[in-house]
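Next come two complexes, and both contain chain A; in the first it sits with chain B, in the second with chain C.
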Partner chain A sequence: MNNAVECRSLTRSFKGNAKQQAIIALDNIDLDVREGELFGLLGPNGAGKTTLIKILATLLLPSSGKVTVLGYDVEREAHKIRPRINMVSGGEFSGYGLLTVRENLWMFSQFYGIPTRIAKQRIDELLHDFELADKADAKVRTISTGQRQRMNVVRGFVTDPDLIFLDEPTLGLDVNSSRTIRDYIRRWVREQNGKTALITTHYMMEAEELCDRVAIIDRGRILACDSPCNLKKQVQRDAVFTLETTQFADLDSIGHISGVKGYTGETNGERQKIRIVAEEESVLAEVIQVIAGKGGKVISLTKVESTLEDVFLQLVGRGLI
Partner chain B sequence: MAVNEHLRTIRWAAWLGWQMESNWTSPFLFIIYSIIKPIMATLIVVFMYLIILKSVNADPVLFSYMFIGNAFYMYVAQVLFGISWVVHEDREHYQTLKQIYIAPINFPVYLVGRGISKIIITTASVIVTLAFGILVLGLPVNIWKIDWPLLIVAMVLGLFCICTIGIALAGISLLTARHGTGINEGVAGVFYLFCGVIFPITFLPSWGQSIAFFIPITYWLELLRRSMMPETISISGLANYSAQEMMVLLLVSILLFLFFSLIILKYADFLARKKGKLDMTTAY
Partner chain C sequence: MIDWRLNLRAVIGRAYPRVIGSFREPSWLFFDIFLPLLGIAAFAFYYQALGAPSVFIGFVILGGAMTAYWLNVLWSMAAQFYWEKEVGNLQLYLMAPMSRMSVLAGMALGGIFFTSVRALSTLALGLLIFGIEIEITSPISLLVVFFLTLFALYGMGMMFSSLYLLYGRGVWHLSSVFQEPIYFVSGFYFPVKALGFWVSLLASIVPITLGLDAMRQLIFAGQETMGFLPVSVEIVVLILLAVVFIYGARVALNFMENLGKREGRLTLRWQ
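Our next item is the complex of A and B:
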C-alpha cells in the first residue's frame, strides 16, 4: 500500500522576537500515513498538530526535512497536490457571510472544476447528511456557529478529495453535531476505496473511536504511533487506577512517587478525582500514604481498563488538556 | 486546458466579487449609492478648481484635463485598491484565504477575477461622473467626436496595467496586515501626484517628470484625454509623442510592471508560506 503522507526528519520552527526565543513547533518528525487510512494526530494544544496539517496542506513550508503528500513534494509540487486535497479547520467561522450556504459550497466546487450536475447533486446530499438542508438558502451570516462549522466540513468533502485534513473538526460542537461529523468521516473513508483522512484532535474518545492508527504528539515530537488497540496494550502491563479523595494540598506530590508514570487530577466540589498510571499495583500503597500525609482521605479506589488517555499519561506524564 | 481553468477561476471570482460589492443592501440603495458617491468625490476637485479659477469657462481646457483625469483615476483608486484588499478581506474578515489558496486555481487570476466586479462598478461611476460633467458642469466633450478605437484600446491596456499593479500590492499584503492600507494609499497617492491626474506633469520638477515618464498610468490617462478631448494635448507636456508612440510606451511599461509584479507576488507568496502568514488573523 502506498503512503498518502510521508514526513522525514520534518522540523518546523518559528522565529522569535527580541524577547522570545525561536519556537520549535515540529522537532525532527518521521511519519507515514497510508492511503485509505483514517489517521489521527492526538495531542494537547500547542503540540504541533495544526502546524503539521498546514505543512501537509501546502500552506506552510517546513524549516527542514522532506515531506511528500500523495507522492509529491510539498515545497516544489504544491500545484500537483492541491487538486487532490482539502482541509477543514474546526473552531473557525470562515465563510462569505453575504452568500448563502449553497452559494458558498457551489463556488468552491467550481474552483475545483466539479461538473455542474455532480456538484449540485453532491451539495444536496452533503447538506442532507450534515442536517443543513433547511439552511441551504440561508445567508451564512445568519446561521449559528455550529451550522457554519458543519458547512465548512461539507466544503471539505464537496470536492471529493483523495486526502482530507481535518483539524479538530468537532471542536466546540454539541454532541449531536460531533457525532454526525464523526459518522460521516468514518463512512467516507470506509465506503470509498483509497480515500484518506488525517484528523487532529485532543479528544481521546474521538481518536479511539474513529482512527485506524493514532500518532501521539507532544511538544513537536511524535511519542508513539500505532493502532489505538496496540497503543493501549502498551499500558496494559501497567496498573491504571482512579481514586476519589477529599481535597488535599499538593496534588503534584503524586507525580514524584517512584513508580508513578503519569497522573491527572480533577476537582469536583469538595472531592478530587485522580487517575494514575503506575508501574505496578504495589505503588498504590505509597500513593495512599502520600495523600493521607497531605491531609486527604481516599473515598474510593477503582482499577480500570486502560484507554488512550492512559497511553498519553504514560508517555507524557500529564493529562491531555 | 489551463485557459479553461483560468476562465473558470475568473468567472467565479468575479461572481464572488460582484455578490460582495452589490449584495450588502437593496438594489435601489445600491444604485443611489453608486451614483452619488462618484459625483460627490468629483465635486471636491471641482470646487477646488472653482476656488482658484472662479469659473469652469475660465480655462475649459485645464478644467477638462482635470475633470477627465480625475474621473478615470477612480479606476486606479478602486480597482488597484480593491485587488490588493482581497487578501486582507479574505484572510482577516472571511477567513477563507487559506481555502482559496489551497484550491487548484491560479492565485493572480483569482485576484484579477475579484477585481472585475470593481471594474464594472467603477465603470458605472466613471460614466456617471462624465455625464454629470458634460450635462451639469458644461465639460466640453462631444461624444460624437470621441476617438472610440483609441479610447477602447487605451482602456483595455490601462485596466490590464492597474490589475497588474494590484497583483503586486496583493503580494505585499500577503506579508502584512497592519500596513496594507497604508501601502495601498501610498501607491495610489504617488500615482495621483506624478501621473498628471489633475494637473499637467509640466508642473512637476524635472525629477518628478522623470518619475511620471516611468509610470504607465501617465500614458494611459493622456491617451484617454486625447481620445475624448484632443485639445488637452497642448498643456499635457506630452505633445511631442503621437498616440501610437504613447501606445508603445504604455505597452512597454505595462510589460515591465507585469514582469516585476509577478516576481513580487511569487516572492511574497514564498515568504508568506515560509513565515506562516497565509492564515494569520490580526484583527486589523
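Our next item is the complex of A and C:
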C-alpha cells in the first residue's frame, strides 16, 4: 500500500522575537500515513498538530527534512498536490455572509475548476448528508455556528479530494453535529477506495472511535504511533485508577510520586476527580498518603479499564488541555 | 502549463460575491453615487469662483469619476488580502490549485461592476449639474485608453496585494500613504502638466496619471495643449505599464508566497 503522507526528519522552527530563541514546532518527525487510512493526530495545544497540517497542506515549508504528500514533494511540487487535497479547520469563519450556503460552496468549488453542474449535484448530496438541505438557500450570516461548521466540512468534501485534513472539525459542536460529521468521515474513508483522512482532535473518544491509527504528538515530537487498540495494550500492564477526593492543596505533588506515570485532575465543586496511571497498584498507598498529607480525603477509589486517554497520560505525563 | 478553464472558473467564482453582494446590499448606491458629488462640487465651485474656464470643472468631474477606480484598487483589491487572511479565506485560496492572479482578477472584475456604476453616475450627474459640454474626438481611442488604464491600474493593485500576503495591518499605512498624495500628483482635479515636466513624468508611474490626461484630451476637444504628452505616446506608455505591472504582480505574488511559506507568516492572523 502506498503512503499518502511521508515525513522524514521533518523539523519546523519559527523565529522568536529579539529576546526569545527560535521556537521549534516540529522536531525531527518521521511519520507515514497510508492511503485509505483514517489517521488521527492527538496532542495538547501547541503540540505542533496545526503546523504539521499546514506543511502537508502546502501552506508552510519545512525548515528541514523531506515531506511528500500523495507522492509529491511539498516544497517543489505543491501545484500537483493542491488539486487533490482539501482542509477544514474547526471554528473556521471562511466564506461570505452575504452569500447563501449553496453559493458559498459553489464559489469554493470553482477554485478547483469543478464544472457547475457537477458542483451543484455534489453540493445537494452533501447538504443532505450533513442535514443542511433546508439551509441551502439561507444566507451564511443567518445560520448557527454548528450549521456553519457543518457547511465548512461540506466545503472540504465538495472538491472530492483524495486526501483531506480535518483540523479539530468538531471543535465546540453539539453532540448531534459532531456525530453527523464523524459518521460522514467514517463512511467517506470506508466506502471509497484510496481516500485518506488526517484528523487532529482534542477529543480522545473521537480519536479512539474514528481512527485506524493514532499518533500522539507533544512538543513537536511523535511519542507513539499505532492503532488505538495496540496503544491501549501498552498501558494494560499499568494500573489505572480514578479517585474522588475532597479539595487539597497541591495536586502536582502526585506527579512527583515514584511510579506515577501520569495523572489528570478535575475539580467539581468541593471535590476533585483524579485519574492516575501507575506502574503498579502498590503505588496507590503512597498516593493516598500524599493526598492525606496535603489535607485531602479520599472519598472513592476505582480501578478502571485503560483508554486512549491513559496512553496519553502515560506518554505525556499530563492531560490534553 | 496554465489551466485556463480552471482559472476562468476561479475568476468567475471570486467575482460572484462582489456582484451579487452589490445587489443584496443596495445601500452602497447612496454612498457611492451622491457622496462623491460633494467632493467634486467643492472643486467645481472653487473654479467657478475663480472664473476659470468651464472645461476645468469638466476635468474635476472626470477626475472624480476615475477616483472610484483608484480607491477600488487600493482598498478593495490590494488591502482585501488582509481581510481574507483575518477571516481565514486566504489560506483556502492559497491551498487551492488556481493561480493567485485569478483570485485577484475575480476581485477586480467584481469590483469593476459597482465601481463603474459609481464612476459613470458621478460623470453623468456632474456634467448635468454643472452644465458641462463634452466633445469626444475619438471614441475608440477613449475606450482603448480607458481599458488600458484599468489594466495597468489593477495590475499595480495586484502587485500591492502581494505585500498583504506577508504583512498585515502594517502595509495598511502604505495604502493610506498612496491614497491622498496620488490625488495631488496624478492631477485628479487639475491638468497634471501644471506640476511641470519632471513631476508629471514621475507621477506617470501611476497609470491613472496618463490615463486621466489622455481621457481629458479625448473628451474635451480643443484642450490638447493642456495635455502632458500626446495621446498616442500616452497609449504606448500605458501598454508598457500594463505589461510591467501585470507581469510584476505575478512575480511579486510568487515571491511573497514563497517567503511567507518559509517565514510562516502566510496565514498568520492578527498581525
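Criterion: the second predicted complex is superposed on the first by the 320 of 321 C-alpha atoms of A that agree within 3 Å, B and C clash if a C-alpha of one lies under 4 Å from a C-alpha of the other, contacts with A are read in each partner's own complex, and residues count from 1 in each chain.
The rule is short, and it goes like this: a residue touches a chain if its C-beta (ideal position, glycine included) is under 8 Å from a C-beta of that chain, and two chains touch if they have at least 3 such contacts.
Everything quoted here is computed from the prediction, not taken from an experiment.
Chemist: Using the superposition on chain A, tell me whether chain B and chain C clash or fit.
Modeler: Clash - chain B and chain C, as placed by superposing on chain A, overlap.
Chemist: Between chain B (first) and chain C (second), which does A:82 come into contact with in this model arrangement: first, second, both, or neither?
Modeler: Both: A:82 reaches chain B and chain C.
Chemist: Touch test for A:103: chain B only (first), chain C only (second), both, or neither?
Modeler: both
Chemist: Thinking of the overlay built on chain A, is A:178 touched by chain B (first), by chain C (second), by both, or by neither?
Modeler: Touch status of A:178: no partner.
Chemist: From the superposed pair, tell me which chain A residues show up as contacts to chain B and also as contacts to chain C.
Modeler: In chain A, positions 14-15, 54, 57-61, 79, 82-83, 85-87, 89, 92-96, 98-99, 103, 107-108, 110-113, 155 sit in both the chain B and chain C interfaces.
Chemist: In the complex, go through chain A and note every residue touching chain B.
Modeler: 14-15, 54, 57-61, 79, 82-83, 85-87, 89, 92-99, 103, 107-108, 110-113, 155
Chemist: Touching residues of chain A toward chain C in the complex: what are they?
Modeler: 12, 14-15, 54, 57-61, 79, 82-83, 85-87, 89, 92-96, 98-99, 103, 106-115, 155
Chemist: Could you list, by residue number, the parts of chain B that touch chain A in their complex?
Modeler: Residues 5, 8-9, 11-12, 15-16, 19-20, 23-24, 94-96, 98-105, 270, 273-276, 278-279.
Chemist: Can you list the residues on chain C that touch chain A in the complex?
Modeler: Going through chain C, the ones touching chain A are 3, 5-7, 9-10, 12-14, 16-17, 20-21, 24-25, 87-89, 91-98, 103, 258, 261-264, 266-267.
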